[in-house]
Each structure stands twice: as C-alpha cells, then as structure tokens.
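Input: structures, listed below.
Both complexes shown next keep chain A, but they swap its partner, so chain B is in the first and chain C is in the second.
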Partner chain A sequence: MSSVEFRKELFADERQDDLKQIGRPAIRQDIRGHVTGRTAYYDDHLFERLLHMRCARSPHHHARIRSVDTSEAARMPGVQRIVLAKDVPNNLNTLLSLINFGKDDEPLIAGTKVSYRGEAVAAVIAETELQARQAAAAIRVDWEVLPHVLDVEEALKPDAPQVNAVYPDNTFDYEPYDHVKLRFGDVHKGFAAADEIVEATYQMSPIEQAPMETCGAIAVPETADRILCHTGTQALFFSLGTTAKLLDMPSSRLHFVGGTVGGGFGGKVDSITEPMAVLGAVLTGRPVKFQWDREEEMQVGAPRGAERWVIRDGVMRDGRIVARSFTGYFDSGAYTRLSSYAGTKGVGHLPGPYSIPNVAANVFCIFTNRTPATAMRGFGITGVDFAIECHMDRVAERVGIDPISLRILNAYRDGDMKAHRRTAKNTALVECCQVVADKAGWRLSAEDRAASSLTGTTAERQAIPETALDEEGRIGERRAGRVTGTAPTERSTGRLPAGTRGRDHAAIPVQRPDMEILSERVGHRMPDPAEAGGAPPLAAAAPARPTPPAASPPPARPASASPPPASPPHAAPAPPPAPPRQPEPAQPAHRSEPTAPTAPARGGHDPAPPAQPKPYEPDKPFSRGVNRPGVSRFLTGRRR
Partner chain B sequence: MPKIPVRFTLNEAEVGLFVEPQSNLLEALRRGAGDLSPKYGCGQGTCGACTVLIDGEPHLSCLTLAEAAEGRRIETTAGLAQGSSLHALQTAFIEGFAAQCGYCTPGMLMAAKALLDRNPRPSREEVIDAISGNLCRCTGYEPIVDAILAATEGRAA
Partner chain C sequence: MTLHSGRGFACINYPIGMNLGGDPAQALVHSTPDGKFMVTLSAIDLGQGMKSVTRQIAAEALGVPIDDVYVDTADSDTGPHDMGSFASRGTHRVGNAVIRAASEARAHMMEAAAEELEVSPADLDTDGAGNIHVKGAPTRRITVAETAIAAQFKQGRTLSGRGIFLIEPSGVDPDTGEMSPVTCFAHAALIIDLTVDDETGEVEVTKINSAYEVGRALNSRLVEQQLIGGAWMGVSHALYETTEPYYPDRREGPLDFNAYLMPGPGEIVPHDIAILERPAPDAPFGGKGPGEMCANPVLPAIANAVYNAVGVRIDALPITPEKILRGILAQGGARPQGQRG
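What follows is the complex of A and B.
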C-alpha cells in the first residue's frame, strides 16, 4: 500500500532518470535485529557490578546555590559516591565549541547557580536505581531564589534578570550585534510604496522530541586505562569530544560505542549523559549507568525551542509582496546548546520560498530561565515556515486573492536572487502548488495553471538591489538602554551598492587559534573572490570598531597559505559607548589600500576578551585540528 | 530486605531468579534472565515498549512486580522465532518496513501476537485497537498495521 506518487513528467529533461532504488520496496539492513529483539541499544549490554546514577535537580527556575548538604544522602544504603560540580574537571562547555561557535556557557553540574528548573546540582551513584533515587531526594540544597524571566521579549529589557553570566545581555553574541541581521534592498522604502501593510505575530511552543528510548549511557572502565561508553547519542563523536573536554581527558582514553539509537529526532545530541556516566566510572572504578527516566526526558531533555516571529509585509493590490521584514525571537532557554545555530539557519531560510525585492530580518537568540532548547527535526526552519505560510494566507485574505494563486505569483523562479544573495536553482514551489490544488479539487486560473518554475524570472528578480545598512543593536547597547526596538530599524547608516554579494565571515572570534576553520578549505567561501573582495562587510561581518573602508580583505586571496581571513579581529567585543557613525561603505575602487588601523589585527590571535571566563586550555589535546595544512591529507582539498 | 526467589518459564525455558522485593518484571527479565528484548520506555505503563505475554495475555512488564511472575508462562520477542525460521509477524514486519528505530518493535510484536493467537483473522479496526497501548514515535503506525494484517493473510495462505 504505497502512498508515494511520482510526478516524473515534471522537470523530466533536467534529470537523468536512472534511479535504481527510489520507488521500489527495500529491506532495511537492521530490521532483522529489530524484529527478533536482538538489536543492541546502549542499555542492552549487561555488566557485573553495574552502578546507577541519579541527579538531584533544581526545583527553581533561577536560584543561587548557597550550599549543598550531602551528609544524609552519603549515609544511605548502597550509595557509592556523590558527584558535585567540583568533581567535574572542566565544568563549563558549550556544545558548538567543538566547531568553534559560541562561548562556553553551561556547567555539566551547576555549582554556583541554577538557571532552569530541573538543572542538575548533584548526582548520586548507588548500587541500585532505587537507592540512587532515594539518596538523590535526600540531598539538601540551600537556595537563594532569584527573580526569573520566562519570556523572550521580557528578557531583552535592561532590567531583566541575568540568566547566563557568560551572556550578560540575555542574547547570544552574533558579533558585533546581539542578533543576526539580514538586509536585502530597502525594506522601509518598500513599505512606503506598498498598497497594504500586513503585520502579525506568530508564537510556537517548545516541542519535546520524546524518543521511545530515553537519553542514557553506560560507562565501563576498560583495560589499558580506557573508558568504554555505550550510548544512545545521535552524535557519537560530538559526545566523545564533549566528554573529553568536560572531563579534561584525551579522547584516546575514550572508547565510545553507539549508533543504535532508539529514536532521537534531535534530542540526543546534547551529550549530557555520556560525560556524566564516564565521570561516574572514573570516580568509582565500576560500570555506571546514567539513564534518564521519562519524567527527566520530558522536563530536563532539551526540546525544540519556542519561537516568536513578527512578520510585516508590504503588498501591492495585485498580490506582489514588495517588502517583508522579520523580527524573530528564538527562546534558547538557559544555555546556548544549538539555538545559536537555529538563529543563523533560520535567517538563511528567509524570506521563505518567495521572490521579494526588499527583505530585512533581526533574529535574536535569547536566554530565558526555561529548559535549554536544542535540535529537533528541522529546527530553525519549521517554526518560521509555519509563520510565513500562515502569513501568506493572511496576506491573501487582505488583498482578496486566492491563497494558492498568491503563492504562485510570488514563488521563486529558477534564476531569481534570494535574500541571502544566492541564485535560486531547481525551484519547484509553483509545481507543488499546482499538484496540491489538483489533489484538493481547488480551482486554479488558467494563468496559474500555465505558470512554471522554469519561466518568469526577470532581470529585476535576478538582481541584487542597493541595500540599506544599519548599525543598530550592537552587543551591550540594549542592556545599557541605548536601544529599545527589536524590529529592523529605519535609521539606515549607509548603503551597499547594488550587485554586492558580500563575503564570508566568522560570527564570533574562535576560542583557540588552532581551531580556526579556514573557509577556503571547508568550501564555504563565496564563489568569486574578485567580486566579493572589494565589498564592504555585510551585516554581521562589520568590524566591531569603525574602520576605514580598506577593512575588506584584498580581492584575490591566496588559496591556502593566507592568514585566516574569516575571523574579523574583534579585539574588543564590548562596543564603544556611542559608536560613531559608520563611514560610508567601501567603494570597490578603494579596496587595495590597507591602512594602519586594521593591518595589525588581521591574522593575529584574538586576545581573550576580559569579561569572558578563561578560555578552555587543555594541557592534553582532544584531537581536533583543522587549521594545520598538510597535517592530514584527509583535511586538505576543497569540498564543493 | 532479602531477595525473593521467583520461578517461571520464559519462552518455554525454566527460569529461576532472586529478585529485589520491589523490582519489576522488566528488570527481572532484562538484568536477571538476560532477555533484553523487552525495552524500558517510560516505566509508567504508557508506551508499551515493555509488553510481554504472561500466560498468553499482553502485560506491561514495567508495571508488573517480578514476584507476580511466579509459576507463569512468559513469552517475549526473543522467543518468537522457531529456530532460524521467523514468525509470520516478523517476516511481515521485515517486508512491510514496519520498523524504523526498532525500539517499539518488540512490544508491538507481542501485542500483535496476543491478538492473532486469540483472533487469527482480525479486522483493521481490531488490529488498531490491539496496538493502541503501544507508542511508536517514528510514527510508522500505518506500515505496522499493514504488516500485522499481512501476517494474518500469510498464515491463511
């Protein structure tokens, strides 16, 4: 009973249609194990003298830990060990630090304060699960309850409680701004020219991944001074690297076994149970299992984060959307986890699959005292897609046009320029709309029926328009009360000439120079350096300090041996108190005259900004080294 | 508290165990008897991943005290195949792609077997009713229901 239907007549000439498997039944290679009960998930390994770990957790959204009294718990039957924050060798991490994105902001076990309900403050290791549970309940914590904030917009106010000490403004740092900026054309000019303005707010709730198998890991001391770890993680090497970092041990001492996951859906990348179990095994010398029960999975397990989107459209009476602005709020919860990435990913998706000549977006990743959010099935995309498509219906209603017709009218055609300055290819929304209308018995006009993704692009739709730039919302300004608005501002401070593609940039300085990723080598560089090189930086690429036009890199970079160009040296992330107006963006003609202020910074190592905690400096390497040309032949070359 | 001796048959083999007084049948089967096919999903009787047959009836082993198994006949997915030849349900699950992560599969198979043993030619509605206590989060209910129905047809043929 296959419900799959193939429309092979669509784009037939663009496709070499010799697929061998698509459309044919296949036997899963792992299914025999599933139906015989022999598939071994992490918990399906038996060990003698297995110990069980349970956590004592915060009942408060936000509280300082005055003291933790473990004396009663330690005397309870079966208790082998109580683990506190001080037992974690390097008790501060952020998941994406392994790919150089973000600052370490989250302890494995909270030591001084908790920032969400359910955050672990201690762990008990006992002979049985029940004994561990009873002892964990007997741990007494002296709390100093702090005011909390649970709403993203409340968290942006200058007097909001500070959720995460590493990000005192309650926003993730997208250097040099406290949000991701997308600027394409001039959205306010577009609004002024539009017949109708349609604005609405959309709110999504957190969603728990709820896999059938809860998160967990079993760690076992092995011979040769290694720790074996069976885990249900979705990201085996991520979990291994995170464990090595948190426990300050070389990754060569860790033997991770995984890959058989009882459902993940994004909820098993956070790598919490693995370091906990391995720490337990190190401290007790015995096999230790740390398995979340269902309540923990629901309460503590990081969900898809809540999102709030404000969409404002400028529409002509004929249905053409001429301007669209977004204000997006990703609720990261108390710590970053993967929400920083959700923000950038979401922005790359804007304005949805539609050709709109003026687009602007301010997207925030905001810390609140809610459960930290993480990956889940298209996170960063599904929420804003929901908002965009609801909004399309709203727009259709306002201008009195059939909702499918409105989508066909505005849909990307092959060759159109997207707001992030890449050309749309292999578009198919028009055809999707037509098939959906057919299936639903929806009447389409002859014009809509004749539309095609292959035709309809124009020189205007292919062009990159002149773009209004602004400098509003630098890190720290909001907290200081100097900026209150969150929507893309009308106060433009410069214009980017039409046709400017922009250049690649690093969102924030990397923590360790040897972890710098060379964009040339991972294939993220814009395709045409000559075209990109002279352009003034786009949006987040703007340098933190006002710099002369020559801040841009030379037009043609040497292929590999150049100093890392992708990290604009934001030596002082704290912005100047009142940023002087940004000079007019560079004209292409100026580009080959580097001047003094920027020269020393380029290629140099970023000194650690004073306000941040000490960057992680392992005395033993935890195998990571992408910036060593020639070290490995597997790391050189360009993926394209 | 002293451990309690429990004797039962597990997939037609006799088993004797000492169990903790408050422990459940799921742990006794998994860690005591070494049959890892029933899974822990919730411990609250909502997900069905731990479903086993006790005297032919489906039971949630996470909510069954281990000592309650005394003298009973217990069947799990590990005993479903006869030697190397698979049960009709297993074959139908394989051919119908009725598992993704596979974590709910042992429970699903036990709930389905209880149904087919009682009612060899169930309707689609009866199949849906029989697995209504078993959650699948990869949301493959349709292929699972199809596979169970295919197994009944295979048996008739």
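What follows is the complex of A and C.
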C-alpha cells in the first residue's frame, strides 16, 4: 500500500547519522494507554456534585440585545445559576494580548450585541446536562436585528455594517495601515517588462478542525482558594493566562492540568471553555463542566477561516517569474482571535519558495458577521500555498514549460534574498522536486536533474533591489471613501534604496554554558552566532511590535475630516535600531562546499542505512487492567 | 461515462515555529535517586508524539537509554511555561529547551561521576546504555544509577537541569513587510494521480508520491505517521470538507459527521514517501516539525491533477463533483490535458 524510504545520501555531508536515540522508531510512551482506552483525558475526571454549563446562543448574524429574560429558566428544575455578561469580571479580551498584539475586542458572553450566529448571550449551570440544555432553551432574548455582512470584500465598503465596535472599519489595524504590506522591488515595473501576465483568484472554504474530543474543561474549587481546571487545551498557559485575565484573578490561583488531548489541529487554542468552566466554579463553589457538543464544535467553535487570494504574475517566455503581486483577504469572522497573526505569517511566507525579484502584497484581516475563525494545521500558509501552487501550473501552461521544470527554474536556493529581506539558507526545494519526480516516473530534463539548492544563487539573486513604496490604505481611509482599491497600488510615493535591510533575529543564547549541548553530540553543524548578525541581547534592539500593548489605550484614530500626516520619507533602514547593511559575501558563508572532498569537522560518517523499524514487542504479556478491587470506580477519580 | 486519469504536482516550504518569534518554551530535567530522569514540561501531546520525541531528545542529550527517561506534560503547578502546541513549534522550541535542560543535568552527572572515578569530568563519556566511562578506557566506568545514588546520598548534589529556548521577538516593518519570520523551513514536493468520472464528477485519488524534507527524522515511525495522516487530511480538505458549503452564505452548515464529509477507510490513498534530511542549524538534532506542512501540497496537487484530467480549473475549495460537472458542462465536455511527465 504505502512505503517510506529515507534518502540518506542527500545532504549526507551536513549530517552525521551516529546518534544513539534520535532517529530510532521508539514506540510512544503513552500508546498502550491510548490503544487500550485507559488514557485519562480531561473528561475522564469525575467529581461529586459536578454541575453542567450550557449556553443560550444568538440565532441572528448581527443583533442588538435589548434585554435578556431569564426568569423562566431560573425556576426550572436543577438550575443553580444563570450567568450573564455582567458576571464576567473583565468581559473583553483578545487572545494575542498575551503577546501584546491587537486590541481587546471579544466578550466571553455578549452583553449589548451579538455579531455572529451562535454567539453566547447567557449560560445556565444546572445539576445535569439535560437540565442545563432545557433551561438554556428557555432563556428569552429581546433582539433588535441589525444588518449584517458576510463577504470579505463587501465588508470593506464604506457603507458596510460595522461588525466589531473595536475595529469600526471591519479591518484589523496593522498600524498605520488597514492591511499588511509587502514591498520588494517594483512589481509594476516588473509587470511592464514581462512577456505574459497571469492573474487568477483562489478561494478557500471554512473547514472544521474535527478533533475526536470536542473542546471542554472541568473546573473544581480547591483548598487554599485555588481552582483546579482539567482541560483539553492545546496551549496550557495560553488558556490559563486568558482565564486569569477574563476573570480578573491572579494566575497563581489557577492550577491547570492537561497535556493529553484527543486531537487539536489548531481548534483548541481559543481558550473559551476554560474561563467559562472556571467562572462557573467561582460562582457556584462546585465543580463545573463546560463542554461543546459536536454541533457547537462545528458551527460555534472557530473553524479554519476562509481566505481569498488574488495572484498576478509577470513572467518571461523562458519561465522566469519577474514580478508577483498578492491581494489576500483573511475572513476573521466577528472577532480577531488569531487571524491577525495569520495575516502577518502569511505575508512572511510570500511569494512562496521562489526567488522573484519584484514582489508586492496587500493582505487584509477582515471582520464579517460569521463564526470567528482561528488556527488550524498550516495556519496562514495552507491557503496561500494552494493559491501559489495552482497558479504555478497556470503559469507553466501559459509559457509552455513542464510544471516541475518551472518550479526548479524559479526555486529559491541557498543565499538568495527573500522578499521579507532575509537570506535563504538550509533550502531543499529543488531536491524534493527531483526526488518525487524520480519516484513517480515524471521525466525531468538533464538540466533540472543537475540543479541543486546549494548552487544557482547569483549576486543579483542575493541583492535587495530598490523598492517602490506607497502609503495607501491608512487606517480609516477606506471607510471614509478615500481609498477603494485593495491590490498593491501603482502610485508609488517614494523609493527605498537598494540593499536596505535591518538585522536578523535568532535564538537567545543559553544563560549558562552548562546548558549548551556539546557540539560533537548534536550530529550536525550548530548555528554560528556571527551568521545571524551576532547573538543580540534581548533588550537591545528588538523592534517594537506593530501594535502597542493591549493594556495601553488604543492610538488616536486619524480624524476623518483631514488626511493623515504623511510619514517622513524613507531615508534609513526600516526598523529603527537596525545597523547599516553589512556587505554580504558573494557566497553565503554558511554553505558547505557541494563537492568538498575534505571530511567534515567531526570524524567519519558513513551514511548508515536507515534503521529498519522493528515490530513492537512488549516486555511483558499484555493484561487487561482493572480497578483496585473493592474500590469505587468513582473514588479513583477516573471513569475507567 | 469515462474515467479520465490526471496527474498533478505541487511543492512548498513551511515555516517552523511561531512567526516573529517571542514564543518561549521551558523544560526541567531531574534524576530520581536510582538514575532515571524525569522531564517536566507544560507542553501538550495532541497525539502528534510530543511526549515521545522529547523523551528521545532528552535521552540523546543526557546520554542515557530511552527507557530511563520519563516525560510529564502539562501541569501548570509543576511544568514550567511553554506557549503551547501549535505553529509547528513543539519539536523546535520544546525540543531545544529539553536539550538545554538535559545538557545541564548531564554536566552535573558527569561531575558526580568524575568525583567517584577520581578523574576530570572532561575525560568522561556516556555509552548510551546506562554507563559513564573514561574516554578510551571503557572498563573504567560507573553506572548512571550508581552515579545518581552517590550524588544524592553521598555528595549532596542534584542531577538536574533547566532549559529555556526563545527566538528573540521581532516586528514587521509596516511599509516594506521586512521581518524575521522564522529561522527554520521544511520542504515538500508531491505528485498526485487521480481519476475523474465525467458523468458523476467524482474524483478518486489513486496514488500519492511525495518527498518531504524534515531536517532530521527524530523518530522515523512518528514522522511516517505524521506524513501519511497529514496527506490524508490534505485529500480530505481538497475534496470534501466545508463547514459552509455555500460560503459566504451560512446556509446548510453541517452539524455532525453525517453531513461533514471526510474520506473513510475506503478512500485511504496508497502513499509512497521519500524522506530527505538537511539538518537545520538551530533545530534540535536538526529536526524540523513535519506536522503542519505535510497536508499543504496535497491541495494544489489535486486541483492541478483534476485540471490535467478533464481541463477544468477549480479555484475554490472544496473540489466537489458539482463544481467539476459544472465546469465540464461549461466547456462542452471533458478536455484531458495529456499525460504528465
């Protein structure tokens, strides 16, 4: 059916295969528990007097809450407590405030208006899940339905409904613009010089992370005024920090336990179930479980958001792509969650693994009246890779070149300059193309077979070109009707000199020498601090985050009547503290000589044949586990 | 009806770790009195093998057998801070933190053993099987267990270590998009073979050939599982999945797995994988996280193969039979594009 081979002969001179544990097919420490059904997940912890929490949710895409009538629900059997927005001590948050990125824009429970169908407006805590469900259904809300917007490009129009009060333009603020810009070279000059222009639009659908275990948490009051929370989170301290912030309590009062999760794929970073359960435990003094059912997981829990990408390529008849522009739209749904991060990450990925001398992008994170989007496997990258690689085939067809050959021709090589102004290293795209073509019997030309990631860079490919800049799309301009276009503009307002770049950023060195692994024990060449522009002290020169800390007040918006002040012309390298550009060596210093006959620094290294996986053999015969005799299953704290 | 064969290609690279850095991970390592080692993390095992790979990394860095290492994950009272399991950061960030913690613990272990053997720590090495010996004199040795007992009960010394790994946080220049996104990239290229039924619009993926460059396969079987599972997810994403079938309209959203389509056991595709290893200088033993990137090339490769089969470009996911049939209808029939390669 399927097969795996290790191509140890490739890059063998950069690697030693004499490690003792690394590379072995060691069996998972936890697999026996998983396959015998005895691993404890968060929901396997049972507690006496456990309460269940369920939400009443909006049936509308966008509506103002005139009032919430909980009187009938409160009288229903088993109901212990109704929870409303006013019960959340600090009812406005954004996930990435934990790294000072973005403004608080999302309530845990909506109080004044809902901005997507399924948004929580109240919660019921009851003795059983059924009672909680029935009472949640009995909550009556007086809605004033508002106009809604569901399409990203519609949401950019000046008269579009305002989805999120914190971002009244329906775009996340990437100060000072309403989108992330990438400018490298002069893309419009590139288009003018190209033989062919290839343009297309690509659309991703929202999809579900679909873990077997839905999101959930159980919170339990403990002695010493602390709360224990068993959770299926993908990010323990993310969820802990978010809970502490929303509930306005010291994080030291929270004890989170998790670590064994029934699938995540990105959908368990959002940290909604943990603050809900902990809030329930605080309000009732009893253990509370808050868990999504499958319907909530699919329609209320954040999906991978939809993305729309417009790609425009300028290509020469020989297949060289000389200019590429992107217009990207991330559909964030009603709140930011993590989509703002995806916008930045996506831009750092452009123009894909290719060396293109002129690249521009405008990427928007847009608010619409739909379920907020969040992370999923490949976040920020999967969608644009779909677009880029479909587009590469379109380009190949237009110029009449084999699709793999087109990729190898344009592939980035060690030493090439990338559009985000950092040098490519440790690349291996060409080799992947060659190996897979060989496996599938896809014939490549002799030239393509001879290509290598180690060679092919040139002084031109290593250089940063003079770059056309513009200031179009400042925050608020679009809403005011002064800007309508979304693609990178042709109206350049300045030129950035060739070669302008700041310094690279790398790992912080170990705090004590004992923590550094001996270089002869690591099996490959370690990073050279000099290569990364020196290992800088943390405090020294980190450029500021693009947005101010969440704790500080949001920056004043430009007055809508007068145009924003023009920013000073670009005279110096872009990030303020960056040193002047160092001349780069013609050949990247880190590259090993492709045909070097000299032995590597550390002894011999015959490329050992790949370790053949042995079938698993238990050291002891398998026996089915049982609880201790005479002890209640429930008293063990485990269901199984 | 006719079944048209199509073949499609795609290749990608993938950034490893949180974009722009600033995502620390910590690890603690300590020995039990009998020379076993406990790795304490707050990282999460989602099924991807976090516990396994950090266990191997710790064993390698300590120089002890893997059976003598145990990994505990995700208790906020005992495990030091970690940002979480996302952005392909687990192996790279947590793995590096574990190496640092294990290296410090190893240094203490070698000092303790040196005191027992009355030599200099620099003259000692581990054999990976539970012994510490004088370099060049393998019989002059002490076991790790004896070393730990001596350290604990005689020397009053802990064999423990702390590790943190952090890529310096940085920002984006708003005018140029200049940034230091990540320090490490994985690579992949993939060829899909499939058939398209021009009467029903149905696609059957018949074969995947792939080449994945992962830096170093830290656990060969876990990498294999990630790649096979990830490619399956890519097929599912390309052909089946949507929570909003009429996006941007929100009608007809699925509420369970009866309506949310995914490939079943009958649609598992034979997949021949080649693994390439070009170690990343700052990754743990060179290993890049394969977990996210492995699904990405499948989507465009399928779209390209569908075009190759019937001449219809589907630029909006998922690639449903309805979209293919409408495309075939609009162009007046299937237009096979010829054999690839």
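Please note the rule applied: the second predicted complex is superposed on the first by the 492 of 640 C-alpha atoms of A that agree within 3 Å, B and C clash if a C-alpha of one lies under 4 Å from a C-alpha of the other, contacts with A are read in each partner's own complex, and residues count from 1 in each chain.
Simple rule for what comes next: contacts are C-beta pairs under 8 Å (C-beta built on N, C-alpha and C of every residue); 3 or more make two chains touch, one makes a residue touch a chain.
Note that the structure is a prediction, hence the values are computed from the model and not measured.
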{"item": "Which of chain B and chain C A:Q29 touches, first, second, both or neither", "value": "second"}
{"item": "Chain B versus chain C as contact partner of A:D43, first or second or both or neither", "value": "first"}
{"item": "Touch count on chain A, higher of chain B and chain C", "value": "C"}
{"item": "Touching partner for A:A375 - first (chain B), second (chain C), both, neither", "value": "second"}
{"item": "First (chain B), second (chain C), both or neither touched by A:K345", "value": "second"}
{"item": "Which of chain B and chain C A:D151 touches, first, second, both or neither", "value": "second"}
{"item": "First, second, both or neither for A:L108, with chain B first and chain C second", "value": "neither"}
{"item": "Touching partner for A:P206 - first (chain B), second (chain C), both, neither", "value": "second"}
{"item": "Partner chain in contact with A:L130 - chain B first, chain C second, else both or neither", "value": "first"}
{"item": "Intersection of the chain A residues that touch chain B with those that touch chain C", "value": "1, 25-28, 30, 34, 210, 261-265, 294"}
{"item": "Chain A-touching residues of chain B, taken from the complex the two chains share", "value": "20, 22, 31, 34-44, 46-47, 49, 76-78, 80-81, 86, 89-90, 93-95, 97, 99-106, 109, 135-138, 142, 146"}
{"item": "Residue ranges of chain A touching chain B (in the complex, touch as defined)", "value": "1, 25-28, 30-41, 43-44, 46, 50, 128, 130, 210-214, 261-265, 291, 293-294"}
